[in-house]
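Okay, so subunit A shows up in both of these, paired with subunit B first and subunit C after.
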Partner chain A sequence: MNFDYAQLFSAAIPETVVVITAFLALLVDFIFLRNLPARTRTSLLATVTAVGCLSAIAWMGVSHSTYRLDDAIFVVNPMTQLVKQIILALTIFTAFISVQTNFTRHLGEYFILLLLASAGMMFLVSAENILAIFLALELLSLSLYVLTAFNKQSVFSAEAALKYFLFGGMSAAFTLFGLSLIYGVTGEMNLTAIAAKLAGKTTDPLFYVALVMTVIGFGFKVAAAPFHMWAPDAYQGSPTPVTSFIAAGSKVASFFILAKILFTGFAGAEGDAGWHHYISGWTPVLAILAALSVIIGNLAAISQKSVKRLLAYSAIAHGGYALLGILTADQKGFASLIYYVTTYALTVIGAFGVVAVVENYGGDKLSDFAGLSRRAPILSACMMVFMLSLAGIPPLAGFFGKFYVFTSAIQLGAKSLGLLWLVILAIAMSAVSLYYYLQVLKQIYVVDASDKTTVSVALPTQFVIVALAIAVVVLGCVPNLLVGKILAALSLG
Partner chain B sequence: MSWITKNLWLIPILPLLAAALISVCKQPRRRTAATLAIGSMVFSFLLSCCAFATTLHSEHGGFREVANFDWFSFGTTTLRLGWVLDPLTACMLVMVTFVGTLIFIYSIGYMAHDENFTRFFCFLALFAAAMLGILIANNLLLLFISWELVGLASYLLIGFWFHKPSAAAAAKKAFITTRIGDIGFFIGILWLYSSTGTLLFYDNGAGCLESSALTKLVTETTFAGMAVSTAIAILIFCGAIGKSGQVPLHVWLPDAMEGPTPVSALIHAATMVAAGVFLVARVYPLMEVTAPGLPSVSTALQVVTWIGAITAVFAALIAVAQNDIKRILAYSTVSQLGFMMMGLGMGGVAVGMFHLITHAFFKSLLFLGAGSIIHGCHEEQDIRHMGGLKKYMPLTFATYAIGMMALSGVPFFFSGFWSKDEILHSAFTWQVSKIPFYLAAFGALLTAFYMTRQICYAFFGSYRGHKHPHESPRVMTVPLVLLAIGAIVLGVFGTPAWPAFETYLSGHDAEFDVAKLLRGETLSVMLISICIVAVGIFAAWQLYGRKPVKTADQPDPLEAVNGNVYRWLANRLYIDEFYDATVIRLNAAFAYSADLLDRVLWGGAVRAASLVTLAFAHINRTIDDLFINFGFDESCHNIRRSSGFLSKLQDGQIQNYLRGIGVALATLVLFLIWGCR
Partner chain C sequence: MLAWTVYSSFIGAAVVALMPSKSIRAVRATALLTATIGLLLAFAGIVQHTPGQLATITKLNWIPQLGISFHFAADGISLTLVLLTGIAAVCGILFSWNIEHRVKEFFAFYLALIGGVYGVFISFDLFLLFVFYEIAIVPKYFLIAIWGSTRREYGAMKLALYSFIGSAMVLVGIISAYVVAGGKTFDLIELAQFPFPEAFQFWAFPLVFIGFAILAGLWPFHTWAPTGHVAAPTAASMLLAGVVMKLGAYGALRVAMTLFPLGLAAWRDVIALLAVIGIVYGATVALVQRDFKFVIGYSSVSHMGFVLLGLMTLSQIGLSGAVLQMFSHGIIAGLLFGVVGRMVYERAHTRELALLQGMNLSKAIPFAAVTFIIGGVASMGLPGFSGFIAELQVLIGAWQTFPGFAILAGVGILIGVAYTLRAIIKGFFSENEIVSTAHSEPLAPISMPERLGAAILIVTTLVVGIYPRLLLDIISPSWNSELMQHLVKGGAQ
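Then we have the complex of A and B:
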């Protein structure tokens, strides 16, 4: 087999740039920054990261070539480029939020892992071959396990990393098993060919086993119930910037690849999750995952005392909403999914950014947020925007995301309204969710502070949080800024 | 299209803009208000003069330019509005803006002491704008809109001193009475629209006053064999009856004298009442059209003629026995409007319009003169309390006398003589009946009589009032002089020898020909007219002039001649009482029964419904408290409990987590396999 490495290189220039940036960050840190104060070091390294990521983004903005390498190992089209740009933007935000915290002295290593994880996500997005998918997935996961354990002073960080690793390893094993079963059934690696071979075999029990096993691995990545159990522990234990990275960037990439596998690889095996016309396939499985996620995520969040844990359950619930977008199995649902996860990622990075700031003055418990509006008014206002957006209050981005996902789910069975049961459940549960988001805001705005000291925020972090809040408002008011881009990329790709 | 036609809309818009600006002025900004109003009128006057000058040059039979535009579309229909410039519009524009400007200027003096000076000028400007809108409209709907705006403005102006109950009542009366006529007018508009599909007057052959539409209208017949055109024309004429105070809707006009005198002059002399006459002249093609083969005068024009003739005599009779100086003039106006209608009905547009124009000048002269007298005599309006004013107010007397002679039709030097002569002449030659001619002649006699009576009462003899009278300020007398000049000069354009006005309206060139004056028919009518005036003035002078009344409470000399007749006339032939006893009482009774029905039947039903609703509300609240609230609280509690349960599932034991994966895998696979049985 002739493999054209020159073509691979030209197709993977953005990934290359990110990897080079990763090593550059390490180098710069080792050679120049060792003796500077931690905050300055982080700021400078975050700047290096930002420059690298921005040049990759810019390259993708300029170059419009599309590639499809042998056996779909690496695919480049407008849609993948858009998602990669989103992921890199999220990486930049995460890097600047890291400025606020001081959980480690090994900053060079931290940033190289962050960037390698990003590169893993980018490869994941571009892969349409099950082998490449698995490799990229592992690159991403392994980076994240290490990042989770990065706070060496904290025993919780280590515990969380271990749980995350064990759970992730188990899921990865299932996924690999599932993928190998699929290879066994079809004898093919690339998704389009798999779909072609699968035609007519979709009632094979072996296929069902393979399907469920494959879904487990990605269910784990997107923290969909019942594969969510690692999430609360890992979210709580990890350093906050890492949490935000797991919740934001990793989720966008995982949802994208999950949708791609299901849409492309298992095309023809959709089945039907409608209320009265159930047909086995992957939509019923996802419908069950979505329903469970929405219920468990929202209900369990109510009784949480830790804001990070609360946001972890909220992330599970939001994963459930996003699965609704996949359930429609069409372009419109896909566009709604990308819009949803992107806006969710922006919101959640902002929220964890605020948590990272507050953590410095105590902890991440709800009571630590008491009276924040007097201590840091701008930060509190941003937190209000994030919380209300997560709750889905118009005119914020979260509202439009939910609206878009729900309407595309309803329009799917325009004749039968088959998914109506799920949409109704999701809406009812988002009403419940308002309760715990408002709990956070109540602490911030109503309850009096025990600690009256003014909260000081690192300038880059403050800037990023405000920018994210503005983005959430603007994308809510003018959703077409993003939706238009997604639809344009879809129609081109 | 000439630039003036393109910009004709500016003429009404300028005063409208002025009105809008004045309405936001603060009360003390008198100078601003007056400047805005008068300035806008002067500009409109100048534009009108341009328009007039443009219409003078016509090459072939009548100048007419229209500018139409789409207003809005509904479905496939488009409503089009527009304006028209033709001689009829142009001469009316000049007259209204000229007289209007003078009245505006005069108002500065007359209203100087009124605290609502700015409001007054706002209404005046609004009124002028609406009136000018009527004149330029090329669409019956646009005309109707302006027509109703005129009605509104006159309501506001008549009721300007609304704290006087009589003024408020008069305003209401004017509004409601004219509205009765407008109902007919509006039905006519709707009928015309449904028959022809357009309300544009002129639209390059497709307008409703152009031959194709008229031919269609005249051939269709409705009930009793009447042509549709006749029915529509009469309905539209209803509007004119209301606005122009024709019998039987004349009752509002004398009462409207409760408004400030400039208003009386503006509304009841020059403009508003003329609107009805103008309307008839505007839709004249519709009025005069008859089915081919019937050469007689159209039914609609006969109706116009008879109504006009009856009004002319009827109002003149009442005027003879009134004592309020403005009321006399008001009835005189009603009577003169009757003359105009007769002129339109028998002689055509030119005859009626000529009298309208001359009358506008001398009647506003008389009204403003009356205002000057009232102002000089300290708000006294009763002529019995005046007398001998000749001495105190020489300028007012001179101009008033000119107005009186013009109105009475004193020969040769006064415009009224020539315009009235035209009407009498056309009545004399009318084919249908001679009776209108006799009525008109009698009306003219009465006119001369009551005007002489008024002059004798007010200016001759000795002063019978209490406070010392004085001449009015310059700002009031100058307009009087200007109007007096107009009252004399205008007659030149309508003599039989040089019928400039008539040829102007019809679009021919006038030729000067003295011989026409001496033609037998013309001459005889002229002689009759002179005799009538002489008799009228002489009789009044015999009764009032030779032995002037000495005291205010002395009975009227006419009463001494025949008390019964005088009492009837003085009480306005009991028309208002007749209306009170019939129409108004009927209306009141109907209103009372409707009110009773409303209270007992509908009110009862509403109360019952509200009781039922209240009962339901009580039940509802009980259910709400007992079940819904309780249920909600309970379910919230359950949600919290389930939350606790779910977070306990997360026990931190990784073995259990991994077991979860296994269970989930097995369950899901079994589920799928079970599902595809």
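Then we have the complex of A and C:
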């Protein structure tokens, strides 16, 4: 085997940069920043993170190489680079939101874990080999488990981490079991080769066991009902920036890889989830997860008193909508999925950013948001944008995301409108969701504050939140900015 | 140029939102200026309009991947409603001149709502129309929840959820129509040429029609209307009854009836029946209300029934009557809500008819009494006012197709006379002079903006009532355009 390390290195430069930045952050913190006040320290470390991530993003912007390591362990093409850029942007936002919070003294460790998790996501995005996928997934997950537990003063943080870890471990077991069965059935690790070997074998019961196991494993990862139990506790207990990272970055990467496994690895085993058109395969399984997620997520969110928990259930519901994009099993649906999870990630980081600010003045209960519009008008306006975008009100990005996903889902089997049942369910549930998002906005705008002090926001955090709100508005008004990029990357890749 | 009605409203909303909240006078002036510009543009649009023409204003590719264009156009129907919006917007601001609480936010939401409404009336791309339709939902919620009165949060939430559920139904219909027509375009004019299969139209028509008609107060989906109107602050109830209910009727006409003629034929009788029930039910319930505003709220349901009945006649005279009735009811309901909400309630601090009866308001604020009587007789359908000619046309149209329903609708008019007279007597005239003297506190005189607002509305209804051809000359030829002509032809069969 003739192996060119220079080529591999040049393909993996972005990952290398991120990993180096991770160690650099730790080092800088140890050597120079120990004695500075916490907020300055966090700001500086966030800047280091941003510089590292931005240079990786810029590198991916200029170099258009494609690369494929033997057995698809590491694949680089325009699509993977686009998703990695998105993930790094999300990392930068998360880093700056961390400035607002004050949950730990171990900032160097916090940032190294954040960046290693990002590196894990990047490797995950580039993996088309079941072994590499599993390794990258573990790198990502282990970093996130530790990050979840990072607030040592809070019992809930420990509880969240333990729950996340136990569920995550179990889901890893399911995934591994599923993937090993697939290897057993096909003798291949590479997704394309697996699909080729599976052709014609899709009646093998062992394959179905493998399929279901894999989907369950990833169902945990993306918090799709009924495998969502960990999410509310983990979201609520984690330090808020970590929550936003789990909800945003990790979700983009997980959905991307789930779609890739199903589209590439299980190509030919789609089946049909259409009304009266049922054919067994992976789409019916996902259709059930999607339906359960939108129902359980939206209904459970209604009764929540904690905004973080409310956003956790809303995340489950949004996972359901995103699954609709995968269900289409075609490029168009894939584009809608990427647009959807990206805009969702931007919105949810912003929303958690606002929560992080409000938390400093009490907690994350709905009532802690009372009268925020008079205490922090700009922040409230941004929160309005985020909540309405999550509810799917035009002209915000969340609306176009849903619209795009629904349109691609219905287009599947245009004549029979096969998935219409699921789209109707999703749209109906999205009407329900307006209720609880308005509950948050009602507290902010309608209810009078008991505490009238002005809310002070760290400048970088404020800047990031406003930038995210603007991004959500702009991507909603001109979706082409992103859709065009995704479609171009798909046709190239 | 008409597109600037939309842009200027949103720009005005943004400008108002960015003004310092202390400068109340500047905020009011800006809002009034913005609304006046909108009204002048509407006039200019009517002057320039060639009757019978469907004139394109702007058509740009917006999201070409999905066939979505930024398509503004206008025919006589659009222009009539744009003019109505302009008048209602100006008068609404005049009637809320005295608002002191969070003035800046009030007018920002108000202008955003107006911008959304203008947008719906001139959008000829389904996606664009839907975007504006939903943009109008959110400001309504805040206008009612923050500045409203009786059970404001309940009324606001009910209105928001009803609107959102309606628009969810519309969304399902729109996306399915797009997919069934081949997934190439959302343009209304292009989609209207596609022969949708009858089986599809059979379920898509009621879905979209009722989705829109919820906002038009179609019985039995009208229950948001009285509670919403009562809870809303004066300007918002003027807009709700004056313009927002027309959004529903307009959408039902422009989208559901235009795209799905076969579905329309199948469901026509059912909807006409619901409309007539609405007319009689609304009037009957208005007859026994204790709260002054509820009387007008239910009367709106009744009058909107005429609009829907007129639409179902599918004859030139009935359809024109329906559109004229939209205009007329917008003006008259605005006037009545202005009197009750602003002139009476904010001086007497009650809307209980029983209490008002004791106050003998015709002596205390004669201007309000005279205005209400004028509005009342206009609402009853007295010749010389716009309501007469509109309802007469609807009845003539209905007589040709549904004679039985026409008779019932006539009964509805009679009940209308009864509840209006009851409201006039109970609201303004005391039987017992002694009770009235007990009310010693003098009421504030009617202010200049109120007089001006009332005068504009009275003059409009009189001018249109005396010379209805002003509007009918631009409405009637609209039915001959390529887009709408099948409606009239369908009626001739």
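By our rule, the second predicted complex is superposed on the first by the 489 of 493 C-alpha atoms of A that agree within 3 Å, B and C clash if a C-alpha of one lies under 4 Å from a C-alpha of the other, contacts with A are read in each partner's own complex, and residues count from 1 in each chain.
In this section, contacts are C-beta pairs under 8 Å (C-beta built on N, C-alpha and C of every residue); 3 or more make two chains touch, one makes a residue touch a chain.
None of these values were measured; they are calculated from a predicted model.
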Touched partner set for A:300, first subunit B, second subunit C, both or neither: first
First (subunit B), second (subunit C), both or neither touched by A:83: neither
First, second, both or neither for A:427, with subunit B first and subunit C second: second
Which of subunit B and subunit C A:99 touches, first, second, both or neither: neither
Subunit B versus subunit C as contact partner of A:379, first or second or both or neither: neither
Partner chain(s) touched by A:227 [first = subunit B, second = subunit C, both, neither]: first
First, second, both or neither for A:259, with subunit B first and subunit C second: neither
Partner subunit A, residues of subunit C touching it in the complex: 17, 62-66, 105, 127, 130-131, 134-135, 137-138, 141-142, 145-146, 153, 157, 160-161, 164-165, 168, 171-172, 175-176, 178-180, 182-183
Complex interface listing, subunit B residues touching subunit A: 639-640, 642-644, 646-647, 650, 652, 654, 656-658, 660-661, 663-665, 668-669, 671-673, 675-676
Partner subunit C, residues of subunit A touching it in the complex: 373, 381, 388, 393-395, 399-400, 403-404, 406-407, 410-411, 414, 417, 420, 423-424, 427-428, 430-431, 434-435, 438, 441-442, 445-446, 479-480, 483-484, 487
Contacting residues of subunit A [partner subunit B, same complex]: 162-163, 166-167, 170-171, 174, 203, 205, 208-209, 211-213, 215-216, 226-227, 229-230, 232-233, 271, 278-281, 284-285, 288, 296, 299-304, 432
